[in-house]
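Two complexes, one shared chain (chain A), two partners (chain B, chain C).
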Partner chain A sequence: MQKIVERAKELLADGTVNRVLGWKKGDMCFNPEPAFFETAEDLDENFVYGGFCGANLSKYMIDASKLEGKTLVLLKPCDTYSFNQLINEHRVDREKAYIIGVGCKGKLNIETIKQSGVKGILNITENGDMLNIETLYGNTEMKYSDALLERCHVCKGKEHKIYDELIGESQDTSDRERFAEVEKIEKMSPEEKFAFFQKELSKCIRCNACRNVCPACSCRKCVFDSTKFDSSQKANTDSFEEKMFHIIRAFHVAGRCTDCGECSRVCPQGIPLHLFNRKFIKDINEFYGEYQAGADVDAKGPLTEYTFGDCEPSIVKERG
Partner chain B sequence: MQRIGVFVCHCGSNIAATVDVKKVVEMVKTEPGVIHAEDYQYMCSEAGQAKIIEAVKEHKLNGLVVCSCSPRMHEATFRKCAERAGINPYMVEIANIREHCSWIHKDMDEATEKAVILARAAIAKVNLNAPLQAGESGVVKRALVIGGGIAGIQTALDIADAGFPVDIVEKEPSIGGRMSQLDKTFPTLDCSACILTPKMVEAAAHPNITIHTYSEVENVSGFVGNFTVEIRKKARSIDMDKCTGCGLCQEKCPMKKTPSEFNRGLGNRSAIYTPFAQAIPNVPVIDRNACLKFKTGKCGICSTVCAAGAIDYTQVDTMVTEKYGAIVVATGFDMIKLDKYDEYAYSQSKDVITSLELERVMNAAGPTKGHLERLSDGKAPKEIVFIQCVGSRCADGRGKGYCSKICCMYTAKHAMLIRDKYPDVNVTVFYIDVRTPGKNFDEFYRRAVENYGVNYVKGQVGKVIPQPDGKLLVQGVDLIDNKQILKEADMVVLAAAIEPNPDVRKIATMLTASIDNDNFLTEAHAKLRPVESPTAGIFLSGVCQGPKDIPETVAQAGAAAVKAIGLLAKDKLMTNPCTAKSDELLCNGCSKCANVCPYGAISYEVKEINDHGIRETRRVAQVNNALCQGCGACTVACPSGAMDLQGFSNRQIIAEVDAICR
Partner chain C sequence: MKKIAKSNLSALFAKINETKDLYVPVKNGEQVNFAAYSEEAEVDLTALKTVKSPKDAFFPQSENLYTCFNEQGKISITPEELQDKDFVVFGMKACDIKGIEVLDKVFLSEPVDSFYAARRQHGIIVGLACDKPEESCFCTVFGINPAEPTADVAVYDDEDFLYWNALTEKGNALTETLCDLLEDADNTAVENKKKEITAIAEKLPYANLSLEGWNGDALTEKFDSPIWEELYKPCLACGTCTFSCPTCQCYDIKDYNTGNGIKRYRCWDSCMYSDFTMMAHGNNRTSQMQRFRQRFMHKLVYFPANNDGMYSCVGCGRCVDKCPQNLNIVKVIKAFEKGGKA
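So, the complex of A and B:
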C-alpha cells in the first residue's frame, strides 16, 4: 500500500495526473469506499488498500473521463476487464486514465466472516494467510482464503488486461468451478426454478445498488428511471422486482457483463445476482464459443456480431 | 387522440364464414380513438375503397384500421387509398383476420374473439402512429448473377439483351454448370453440349456480360438498387490475357491422376486443367493441391512449355468490389451423398453408379469415350437395373421429403438410349410412381415402354448384393404382381435425389434471402411471385428455388431476368420511411447499433447535446435514412433504448401486446 501511495504522490506532483481514484477508509475497517484524492495529504491521511477494497473502480472513470487532465486509477486484475469493456463502448477515455495495476490476492467478504459466527467486529488485520479479528468478545482468527468473495473463488487470473504500470503481486485464487451453481439450477424443474428465483428475488428492496455499481449498467439514462418506457417503476409496489427487474437487467448486460461480481457484492439482501449473468455467459459460451467480455478491447462481442459459424436459432430453441 | 375508422372486410366468405364481422364492428366501436366502424363484402374493391374515402371525409378520420387479409396482400392498396382520401399512408394499419384468424379457425366464437383482439391491437398501434414521408434512392444499373449454369447464363443473356451490364460469378473454372455434364436432353434427345455451348459462347461474347469464373461471392452489403458485392477471384495461376488455350500445358503435365470433378471422379485430369473441352473461358487453372510445383517446388513443366508465358505460380486471390442494383441467385444443385443408402452397394461396387455418372459414361467425351461398359472390368453389361427415388420422396428421414422431379424423365431417356444403341441389353426400372407432366413428356415415357421394351416394375429395391462373380443381385418387389423379385444385374443405376448446392446457405445468409428446410430459396409468393425472394432486389433462377428440368429452368431464368430488368429500368426507388431514429438524449454512444447494422447506416458524431439546459459535448449515433432499411436490429441492440424504429416504435409494439393481453 505504501508503494502505491508514494507512486501516486509522485504522479500528482509531476503533473502527470490531476487526481487519484482509489479507496478511502470507511467508518469500519471492512467498508472502505471509492474516492478521488487530489492532494498528497489527503492520500497520506485517508487512502487505504487492503483485503476489503473489493470495489471495482472502472465505472467511476466514466465521469472522470470528462474532467480536466488525467486521473490515476487503481485497477485489480479483474477490474481491467470492466475497464476494457467500457473503452470498447466508448464510455471511458483511455487517454484520460493513468492505470496502475495493483496486486490482488483475492478480496474479502465481510458477510462470510459474519456468517462464520464472528460477532461484534472491531478490527480485522491481515497477517499473511490469516486474518486476526478483534471483537467485543475477544480476539479470533480465520484463514484469509476462507473469507473470500464468491467472485474470487472463480478468479479470472492474475493478469492485468490493461495498465500503464504494475505495483504489487497478484494471485490466482480460483478454486471452484465457475458454472457449477448455474448447472445446479439448470437441472431444476421449471417449478423448482421458479420457486428458487421467487424466494431470492422477493428479498429485493429495489435499492438499485446492483444497477448503480454495475460497470455495464452505465447508460446515461437508465430505462428504469425514464418515463419514456413503461418499465419505470417505484420500488416494491408489486411483483415487478420478483418477475422482471433483474431479468431485464440481465438481458441488458448480456454479452457485455464481465462477471465482475459487483452486483452480488453490494446487494444488501444477499441475492446471488451474479447467477443470472453467469447463466447468460454460459449460454453464450456454448452457443458462440468461449467469450470473456473485456478480455479484448476491440472485440465486437458475440451478441452484436454475426458470423457464418453462429449456431442456428433452432439450436437455441431446442436448448430453451 | 386519433380519429380512427375501422373497416372490417368479409373477403366474400373467406372471413365472414368464420368470423362474425358484424360483431367485430360492434365490439371495436368502443375502443379508444375509434370514431367509425363498418363492414363490407370486399374492402379492396373499388366500392370498398370508396366507402373508406367517404368515411374519412364524413368523420374527419386521420387513422385507419383495415381488418382484412395479410398486409402482404393489400397493405399497399389501402395505403394508396388513404393517400387518395388525404391521409398519410402510414396512418393505416392492417389487422390480418384472414390468414391469422379465419383460415385457421373453425369455431366462429373463437375466431370472432380473436378477430376483435387483432383489431384492438391494430387500433392501439394506430393511436401511436405518426405520419411518415417516403424518400427516394437511386438504382445502380448493373446486375449480378450468382452461378453460371444454364439458369445463370440465360438470365444474364436476357438482362444483357435488354441493355444492362451483367456480371456472372461462377465458382468453377468454366461456366456451363450441370447441363454441361449431361449427354442428351429429354424429351427431344438432342445433345446437351450442342444446345448449351452456343449459349455459353454468346454469353462470353456479349458486350454487356462480364464473366468471373473460379470466383466466389465473399460479402454482400447494401439493399435493393444499391448492393455492394465483394467477389473473390481465386488465383488461377494463369495469366488470362496471355493464355491462348492451346492445351499443351495439360498435355505435358505429369500429374494426370487427379480425379476429374467434371467426370464425377470416374476419370482423371491433369493438375493444370480445363474441366471440359468446350470450357469457357478456355483458360486452364492449376489445382494447387495436385500440382507438383506447388507441392514440392520441383516441376514447372507447364511454365516451360507455355509459348505464351501465361503460367504464373505467384498469382494470389484478388478481390473485386462492384455495385449492383439487382442480384439473381442461380446456384443450382448437386446430387445427394449416398452414404446413407448403402443397401444399394454404391460404395461397395464400381458397377453401382448414379444417373449423373451414367451421363458421363454415355458421353463421347466421358471416361469410357461413350461406350457403355462396366466400370469394374470394362465388360459390356447385359442386364441393367435402374432404381428410382433414391433419397427422394423419402419418409424415413434419411433423404429428402420432396420429389426431385427430373429423375422419371431422365431415367426414361437413359433406358431408351441404351435400348436404342444396345438392343441386346435388358433394362429394368424399379419405380414408386412414374411422373411425367410436361409437354411431350408422357409420350416420351410411353415410347420407352412401348417402342423400346423397357421393363418398368412398380416397386422398390430393398437391397443390392455384389456377387463373387462380379454380378449384382438385386432384391426388389413387384407390387402389381405382388411378388418378390431377385434379379442378377451387371450394372445398377441410382436416380439419386437432387439437393440445392450446399454453398447456397452461405449465399442466402449474405443476401438475407430466406431458405426453406431443404435449403431451397423461398419465393416471395409461391404462386404470384415465384421468381422473387422476399428480400427486395434478390431474384431466383433455376433449381436453387426448387427442382426443375431444363425447359422450366430456362423459362424461370427469363422470368427472373424480366423482374431484374423491371428494377434496373427504374431511375428512383421509393425508400421505406420506417427507419431507425436515435434519441440523442438517451444515446450512450456505445457503438452497439453500428456493430449490428447490416447496411452501414449508422455513424457517430461528437456534438453538443442540450439535455434540458445541461450542455455536454459527447458521442452520439446518427442514422442515414437513405441507407437504413428499417430492419430494427439496432433497436434491440441498443442498451439504453435510444434507438427506435419509426412506424414500429417500442411503444407501439408494447401497446399492441398490451391490447392483445388485456
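So, the complex of A and C:
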C-alpha cells in the first residue's frame, strides 16, 4: 500500500495527474469507500488499499474523464475489463486516465463473514491465510479464501488488461467452475426455473444499486428513470414488473457485461444477479465462440457484429 | 411478566394468526425481512436487523389509493379500503419502534393520513429486546434503549424462554387472548438480560458519536458547508439507504395504466433518485450533491426544526451495513465534526 501512496504522490507532484481515484479508510476496518485525492497530505492520512477494497472504480472514470487533466485510477485485474469495455463504448477517455494496476489476491465480502454467524465485528486483521476477527462477543477466525466475494471464486486471472504501470502481486483465486450455477439452473424444468427466479426477484426492493454500480449500465438517462415511461423505477407495482426490470437490464448488458460481479456484491437483498449475466455469457460463448467482454479494447462485440457463421434465430426452437 | 417456551412459539404464532394478521421476521435465503406469518415460513428471531425496516407494516413500499375504471365513457372511482382488521407485528426492535414515532409525527399530524392512521389504530407492536447489538448500532445516541422496546408488548429472548411483558392496553388485550399459552414468570431473567444488553450497548463503537451542532438552528451553516462536495462523490445515487431506513417517509404518487383505467398508487420515494420532488416546473435539486445533502439535512436539521428537536434518525445502522460504497450518516456526522479534509 505504501508503494501506491508514494507513486501517487510522485505523479501528483510532477503534474502527470491532477487527482487520484482510490479508496479512503473507513471508520471501521471493513468499510473503505471510493474517493478522490488531490493532495499528498490527503493520501498520507486517508488512503487505504486492502482486502475490503472490492469496489470497481472504472465507472467513476466516466465523470472523471470530463474533469481537467488526468486522473490516476487504481484498477484491480478484473476492474480493467470494465475499463476496457468503457473505452470500447466511448464512455471514458483513455487519455484522461493514468492507470496503476494494483495487485489483488481476492477481495473480501463482509456479508459472507457476517453470514457465517460473526456478530459485532470490531476489527479484522490478516494473518497469513487467515483472518483474525475481533468482536464484541469474543474473538474468532476465518480462512481468507472462505470470505471472498463470489466473483473472486471465479476469478478471471491475475493479468491486468490495461495499465500504465503495475504495483503489487496478484493471484488467480478461482476455485469454482464459472458456469456451474448456470448449468444447474439450465437443468431445471421451466416450472422450477420460474419458481427459482420468482423467489429471488421477489426480494427486490428497487433500490437500483445493481444498475447504478454496473459499469455496463452507463446510459445518461435510464429508461426506468424516465417520468414519461409507464413503469416506475421506485416500486414493483406487480410481480411482472419486478422481473421485467432485471430481465430488461440483463438483455441490455448482454455481450457487454464483463462479469465483474458488482451487481451481486451490492444487492442488499442478496439476489444472485450475476446469474442472469453469466447465462448470457455462456450462451454467447456457445453461439458465437468464446468471448470475454473487456479482454480486448478493440474487440467487436458478438452481438454488434454480423458474420455468416452466426446462428439463426431458429436456434431458440432447436434448443427447446 | 409472562413467559413461553421457545419450542412452543409456533403455537403462539398460530393462535395470534387465528384472529389477526401477523408479521414476523422471515428468513429467505440469507436475508431476513418482515413478512406475513405462515406455517411454512422460516421465522427467524435471532437476526438483529431485517434488511428492510418493518415500517412496511404501517407504510407499505407501495399501496393503492384508488382505482378509476372507464366503461364506455363512464368513469367510476373506487377508493381503496382502509385497514379494518387488527394485526400484530412481532419482533420489532427498539430503534424501529422509535422509527414509527417519527412516522407518526409526519402522518398523524394535520392533515392526518387516513391510510397510515388506520394501520396505526389496528396495529399491535410486539417489541423484542436486542439480544446482541452489533457494531453498526447507535440507537443509544438518540436516547433509545435497546433493552426497553417501547411497544405494546416487550419481549425478551433468554435461552429456552421468551419473556412477555405487556405495556399498554392493546398489549394487555393481546395477552388476554394468549393466556392459555403464556405462564407467569418472575422478573429475574429479564432484569439480567437488560443488564447484559446495556453493558454491550455501552461498548458499541459508535456509542459516543456526538450530535453536537446538529439541530434545527444549524440550517444555513450546515447547508452551505463545502464538506458536502467531498462527501457525496462516491454515492451511487441508489436507494439502498432510503429503502432500508425505518424513518424515511418521502413518497411519490403515480398512476398505473390498467388498460381501461388507472390505479393511483403511492410508493416510497428516495431523495437519491433523479426525479425526487420533480414538479411541473422541473426539479429543484439538479445535482447528486444536493440530493445527498437533502437526506442528512432532513434527518438531522429540518426534521428537528419542525418537530421539537426530534431527529429522524434512530441509529438502526442499516445504511451503515448496506451502503454499497460504504457511505453513511455516521461518516457524515464524523466528517462535520472533523471539519472536512485536512
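Going forward, the second predicted complex is superposed on the first by the 306 of 320 C-alpha atoms of A that agree within 3 Å, B and C clash if a C-alpha of one lies under 4 Å from a C-alpha of the other, contacts with A are read in each partner's own complex, and residues count from 1 in each chain.
In this text, a contact is a pair of C-beta atoms (placed from the backbone, for glycine too) under 8 Å apart; a residue touches a chain by one contact, two chains touch by 3 or more.
Owing to the predicted nature of the structure, the values given are computational and were not obtained by experimental measurement.
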{"item": "Partners on chain A (chain B, chain C) - clash or fit", "value": "fit"}
{"item": "Three-chain overlay, vertex chain A: chain B-chain C angle, C-alpha, nearest 10 degrees", "value": "120"}
{"item": "First (chain B), second (chain C), both or neither touched by A:122", "value": "second"}
{"item": "Which superposed partner A:42 touches (first chain B, second chain C, both, neither)", "value": "second"}
{"item": "First (chain B), second (chain C), both or neither touched by A:28", "value": "second"}
{"item": "Touched partner set for A:208, first chain B, second chain C, both or neither", "value": "second"}
{"item": "First, second, both or neither for A:219, with chain B first and chain C second", "value": "first"}
{"item": "Which superposed partner A:269 touches (first chain B, second chain C, both, neither)", "value": "second"}
{"item": "Which of chain B and chain C A:311 touches, first, second, both or neither", "value": "neither"}
{"item": "Chain A residues touched by each partner, larger count belonging to chain B or chain C", "value": "C"}
{"item": "Touching partner for A:229 - first (chain B), second (chain C), both, neither", "value": "first"}
{"item": "Gap in Å between nearest CA atoms once chain C and chain B share a frame through chain A", "value": "6"}
{"item": "Footprint overlap on chain A, where chain B in one structure and chain C in the other make contact", "value": "221, 230"}
{"item": "Residues of chain A touching chain C in the complex", "value": "26-28, 31-36, 41-42, 45-46, 55, 60, 111, 115, 119-122, 135-137, 199-200, 203, 205-209, 211-213, 221, 225, 227, 230, 232-237, 265-266, 268-270"}
{"item": "Contact set on chain A toward chain B in their complex", "value": "66, 88-91, 218-223, 226, 228-230, 252-253, 256, 300-301, 303-306, 308"}
{"item": "Touch list for chain B against partner chain A, complex", "value": "506, 509, 583, 585-592, 595-596, 598, 604, 616, 619, 637, 639-641, 650-651, 654"}
{"item": "Partner chain A, residues of chain C touching it in the complex", "value": "28-31, 33, 48, 51-52, 61-62, 132-135, 200, 203-205, 233-234, 236-240, 242-244, 252, 254, 256-257, 263, 265, 267-270, 273-275, 278, 320, 322, 324-327, 330-331, 334, 341-342"}
